[in-house]
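Note sheet for the following structure.
Chain lettering (A, B, C, D, E and F) follows the sequence in which the chains are written, and residue indices restart at 1 in each chain.
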Amino acid sequence: MNTQNRYERGLAKLREIDGEAGDRVLESLDGIAPDFARYLIEFPFGDIYSRPGLDLKSREISVVAALTALGHVAPQLKVHIQGALNVGVTRTEVVETIMQMAVYAGFPAALNGLAVAKEVFAQGDGE
Amino acid sequence: MNTQNRYERGLAKLREIDGEAGDRVLESLDGIAPDFARYLIEFPFGDIYSRPGLDLKSREISVVAALTALGHVAPQLKVHIQGALNVGVTRTEVVETIMQMAVYAGFPAALNGLAVAKEVFAQGDGE
Amino acid sequence: MNTQNRYERGLAKLREIDGEAGDRVLESLDGIAPDFARYLIEFPFGDIYSRPGLDLKSREISVVAALTALGHVAPQLKVHIQGALNVGVTRTEVVETIMQMAVYAGFPAALNGLAVAKEVFAQGDGE
Amino acid sequence: MNTQNRYERGLAKLREIDGEAGDRVLESLDGIAPDFARYLIEFPFGDIYSRPGLDLKSREISVVAALTALGHVAPQLKVHIQGALNVGVTRTEVVETIMQMAVYAGFPAALNGLAVAKEVFAQGDGE
Amino acid sequence: MNTQNRYERGLAKLREIDGEAGDRVLESLDGIAPDFARYLIEFPFGDIYSRPGLDLKSREISVVAALTALGHVAPQLKVHIQGALNVGVTRTEVVETIMQMAVYAGFPAALNGLAVAKEVFAQGDGE
Amino acid sequence: MNTQNRYERGLAKLREIDGEAGDRVLESLDGIAPDFARYLIEFPFGDIYSRPGLDLKSREISVVAALTALGHVAPQLKVHIQGALNVGVTRTEVVETIMQMAVYAGFPAALNGLAVAKEVFAQGDGE
């Protein structure tokens, strides 16, 4: 497997999961760290998300959980709540995943995660 | 729904997920904070884990992800890796969930999570 | 003790501590996670804040300390600085609690906590 | 106020709060970072803990809360649970403070904090 | 060495590193915690940054790294990216330091750090 | 550039920085996540550490800083303190980097980092 394949596979996976939001993340790196855009495509999406052994819905549930628990990464949580919906996670499953985090990272982390989900759902309703 | 039902439902759910390890957590609170053992049964397990809307396998995947990402809760990660296996998550799915965290919380968090998984799997093999 | 009592006790305690800000938190959950509003009333306020053994002023000091140290929960820190004032913690005590966190969580966390306190105090002065 | 006073005031305050455990922390810095022992005496204890405006009991409650919530500083939590007891915080108040953190930092952080408290209390009983 | 020297040395060092942004941080503490402005000058800048043994460029690289990894201290990261540039760290070195954090604290922390760097660089270009 | 080159470059870089400790990290992944050992070689070491634009000493200083500040990754901090020494960072520079973290992540994080450094230095003296 050569690097080119990794990049192409990663870009396709990024677009499958994150859609236009993924492209905006890549564009945000223009002029500051273009190589980091390439790494973002290659390692998280080309290597990790492309692995068998855990379905894409479960991967996105795990990411929504972790980003909610970490608490300081709201922009990425927003992208991945939409990403979860894009790959078939239901709104109810997103909300349940975030509520579950109240137990493991506290009520404030869960409340802030729910606020991000509310924003993402409202954007979806407005389209 | 009265409080007694909540407690009983929570205790059953705790035992379904965590098995004997759950009982040991409760016992560890004897003589220091017995009410906290009751809260642990009632809120996380009686309220949250007992909800519909997200299957138990996905709940445990979200918890393994979050505890790996938080990084400072190894004892609970150990209990919940076993809990994930108890409710039908495969070893491969546990490993994939933890590896996914390298992207979101860094390689050290993932490495330490994998070390805990290795320990849990070895205990399972030894039984 | 039945669940209804827990809810009523929690709602009264939430209003005693957080006042209108508490109601706004509950309203923010409308249409996204109404059950979470109920849990928020029942567990933190109906169970924990209602316990004897630690006076309400000390509970709020502990919460201001922890939210300052965690650093990524500014909305909740704002609510709880006001909550601390509501239950009799002085402005000086709030500021001292936050300054104390410079030792345990670093100067940036304390600086950001003081900025939130400044905002809360200014709102109080403007009423 | 000159630096000497700051050091002497800090050392007295450190010993008032932490007792022998404080001396052991200072000794642990021998041969690696002796200046850091001086800073530890001067800034946290000579400057911050010596301030009026918040009583020593409340300061220790805030520290037990923050260290429990941060989760990755068990050695310091141990020292400060003992320190809290040394300045008049009751065992019940320590336990309540840690339990309160389940709401703000999650159940695992509170469980690990209670385990440290149990250890400190047992050492106290054994003396 | 008396306290006055510590304050004067710290203020000079703060201005060397942070320039006007440092003065704005001090001013932000007016009316809320003026003593904290003094501590900020004395301990971080008068004591720590003034030490021999590690050059100022390396100190600022370590701070940009840590603030990126912690993730919840964007205002301070902004000040210290500018501070790093002020003491001779190149833009490339800032970007490389932040990218390095993807490995140790995850891609979201690095992405958010790069967004802050982009903002600081753009302000520099606009002057 | 194909993947094989990335792997070989990464393995060489890992050994340059971490020496035998790097090999032990890779071996620890045998039987649990061998692909993760490959990713660890390829992305952190083959991609990031191999970049120009920031010298290896500064990269290791940034890593020691970040791991000290994060606080919950002691095993990796140990490896990277040794790694820093391996690439020419002095013991004094390691200690100064960790002490600097007292300002940004609190005294407990710095104290625990110094304890790890003391252990690494003692092992070095014993060889």
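Everything that follows uses one rule, which is that contacts are C-beta pairs under 8 Å (C-beta built on N, C-alpha and C of every residue); 3 or more make two chains touch, one makes a residue touch a chain.
The structure displayed is predicted, hence computed values, not measured ones.
Listed here as common contacts of subunit D and subunit F: A, B, C, E. Interface of subunit A with subunit E: the two copies contact each other largely through different residue positions, with under half of all numbers used appearing on both sides. Distance from the centre of subunit A peaks at D, each centre being the average of the chain's Cα atoms. Compared on C-beta pairs in contact, B-F and C-F come out with B-F as the pair having more.
The best fit of Cα atoms from subunit E onto subunit F calls for a rotation angle of 180°, in steps of 5. The chain with its CA mean position farthest from that of subunit C is F. Here the spacing of subunit A and subunit C, counted between their Cα centres, is 30 Å. Rounded to a whole number, the gap between the C-alpha centres of subunit A and subunit F is 28 angstrom. Multi-chain contact residues, meaning those touching two or more other chains, occur in subunit C at positions 35, 39, 43-44, 48, 51, 67, 69-73, 76, 95, 99, 101-109.
Interchain contacts join each chain to each other chain, per the touch definition above.
Interface residues of subunit C, counted against subunit B in their complex, comprise 1-3, 6, 35, 39, 43, 47-48, 51.
Touching subunit F in their complex are the following residues of subunit B: 70-72, 95, 98-99, 102, 106-112, 114-115, 117-118, 121.
Those residues of subunit B that touch subunit D in the complex are listed here as 25, 28-29, 31-33, 35-36, 39-40, 44, 67, 70-73, 75-76.
If you check the complex, the residues on subunit D that touch subunit C are 43-44, 48, 51, 53-54, 58-59, 61-70, 73, 76, 92-93, 95-97, 99-105. On the subunit E side of its complex with subunit B, the touching residues are 69, 101-109.
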